[in-house]
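You will see chain A twice below: alongside chain B first, and alongside chain C after that.
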Partner chain A sequence: MAGSGVPGGLNEGQMKLMQDLEVEVMADLFNRMTAVCHRKCVPTKYRDSELSKGESVCLDRCVAKYLDVHERIGQKLTNISQAEQEQMKSMMAAQQATP
Partner chain B sequence: MCEDIGRYLRSIGAEATMISDIREAPGQHHYTSTDARVFESVYGLSLEKMDDVCKYMMLNPRRYRENIQVPTILTPPYIKTREEKMVQAFFESCPFKAGISGIAGFGLGGALGLFTSSVNPSITGAELKSQTAREVLVEMRTAMLQYAKNFGMIGLMFAGVECCIESYRAKDDLRNGTYAGAVTGGLIGLRAGVKAGLLGGAGFAVFSAAIEYYMRS
Partner chain C sequence: MDTQSIRNLRDFLQMYNRISETCFTQCISSLLERDVQSDEVACVQRCADKHINSNQKIMQVFMEVQPQVVAKRMEKMEQQMAETQAAESAEAQPQTAEATEVQPQAAVESAQAEAVAQ
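Up next, the complex of A and B:
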């Protein structure tokens, strides 16, 4: 599902706020992903400082799955919030209709 | 989605809470008009616009992404170039590893064949007195080639199978070598029948398990 285009009508401050938010979100995603995949894929017996082939394969798969899950849950959240927006609009319209 | 953004904002110290309690079950959020006004006054964006922006940032695959932000520690993060990654992938790939093991086995088998042919020659008896240097060298060459081919094949198969098993399991422990030894021994012994194949597989598996255990302890 393609997202909407560039949101129009945002001034400097709001754009900066959005960029800051996005940096925050991406950094958090990166940190969580590395923590989870490291815990799952790299056992704590350190015989060698290089990543072995099995561990590299495991990390590739872990990152792919994590990003896939992230994207799907994002879409689900979008759908839910869209439904709630519709509900809020109809409620506000009903409130204004009956003063 | 707005709730996630709200949680992030609150975690970095933003004061106003703009939505009702997050601990409510999903589907029970009721945004009143007061909530929406408070949100807009604090963040300067209506709820709808916030959702538009969130959608644009998270779900738009056509958006141009600059360099990925990676948290820095002491040194700046070194992200490998594409060529470096290709070279590294080639040197870690299964065919390359199997080939290198095959070549090493070939060399080792040649050395062993040379040694064996010198202490255990196949020319005996009456011909021993009249053998020429050329005959001795030819005999050494055939023995060397024979051993080299066998060892090379064993090395190639073992390393190839072990690499494939490790890629499939995505784990790094000594069972990879054991399974690879079982497969290699089975394939070699299969030339002499099924029973010999099973026995050879079991024996080779035990041998490679012992070697792996020794190398990992």
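Up next, the complex of A and C:
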């Protein structure tokens, strides 16, 4: 497809792939978060089918904290991968500079 | 962006999710507040760093060891092929009524074929 070699520019097919990937990753995040928060907040006694106030509050805080942690780790990973890319660029530039 | 890049991106994002889950489970001790506490923040930073470093180390060792494993496997396969060929060529020899004479002959010939193959 035309434009597939252009960096930064995405054609329709690639856009679709990226969107699919994003949906898949979001779903994975949601599933993991659900499993973790359920494990932390909902005891397995099962005396009642309704959520108690404590459990509701716990789940609310759990989700908020999970997304906070997720964002922090995302920032860290972005910084690291950016630093690595800069390093690669400077290395390649240095290689090209030497005759 | 080709399939390899997309695969890399998918691996990266899955690793991201896995690190989030693990570090949250290990580091977030109390759910009494909606905000993440400072000691939890520090724990998460260390946890993420450790996971990233161990990931890099694992990749490094894997790239070292994997080619050796593949080479060994190829060697074994070639050896087995040579043995099968030698056995087949020994069977194809004309059989005479005197079995005792043929057997040592076949053994010698298959041994020679093996030596040639190696």
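Criterion: the second predicted complex is superposed on the first by the 90 of 99 C-alpha atoms of A that agree within 3 Å, B and C clash if a C-alpha of one lies under 4 Å from a C-alpha of the other, contacts with A are read in each partner's own complex, and residues count from 1 in each chain.
What we mean here is this: a contact is a pair of C-beta atoms (placed from the backbone, for glycine too) under 8 Å apart; a residue touches a chain by one contact, two chains touch by 3 or more.
As the structure is a prediction and not an experimental result, all values here were calculated from the model.
Undergrad: Between chain B (first) and chain C (second), which, if any, makes contact with A:Q85: first, second, both or neither?
TA: Only chain B; A:Q85 stays clear of chain C.
Undergrad: One more residue to check, A:R72. First (chain B), second (chain C), both or neither?
TA: Only chain C is touched by A:R72; chain B is not.
Undergrad: Please indicate which partner A:Q14 is in contact with in the superposed arrangement: first for chain B, second for chain C, both, or neither.
TA: After superposition on chain A, A:Q14 lies in contact with both partners, chain B and chain C.
Undergrad: So in the superposed three-chain picture, is A:A64 touching just chain B, just chain C, both, or none of them (first/second/both/neither)?
TA: A:A64 contacts chain C only, not chain B.
Undergrad: Is A:K53 touching anything from chain B or chain C once the two structures are fitted on A? First, second, both or neither.
TA: first
Undergrad: Once chain A of both complexes is superposed, is A:A27 in touch with chain B (first), chain C (second), both, or neither?
TA: First partner only.
Undergrad: Return the chain, chain B or chain C, that is in touch with more residues of chain A.
TA: Touching more residues of chain A than the other partner does is B.
Undergrad: Overlap of the chain B and chain C footprints on chain A, residue-wise?
TA: 4, 10, 14, 17, 21, 24-25, 28, 41, 58, 61, 74, 77, 80-81
Undergrad: Considering the complex alone, what residue numbers of chain C touch chain A?
TA: Answer in residue numbers: 1-2, 6, 9-10, 12-14, 16-21, 23-25, 27-28, 31-36, 40-41, 44-45, 48-49, 52.
Undergrad: For the complex, which residues does chain A have touching chain B?
TA: 1-7, 9-10, 13-14, 17-18, 21-28, 30-31, 41, 43, 47, 52-58, 61, 71, 74-75, 77-78, 80-82, 84-85, 88, 91-92, 95
Undergrad: Please give the residue numbers of chain B that touch chain A in the complex, ascending.
TA: 1-2, 4-5, 8-9, 12, 26-27, 29-31, 33, 36, 43-45, 47-49, 51-62, 68-71, 92, 163, 166-167, 169-173, 176, 216
Undergrad: Show which residues of chain A lie in contact with chain C when the two form their complex.
TA: 4, 10, 14, 17, 21, 24-25, 28-29, 32-33, 35-36, 40-41, 58, 60-62, 64-66, 68-70, 72-74, 76-77, 80-81
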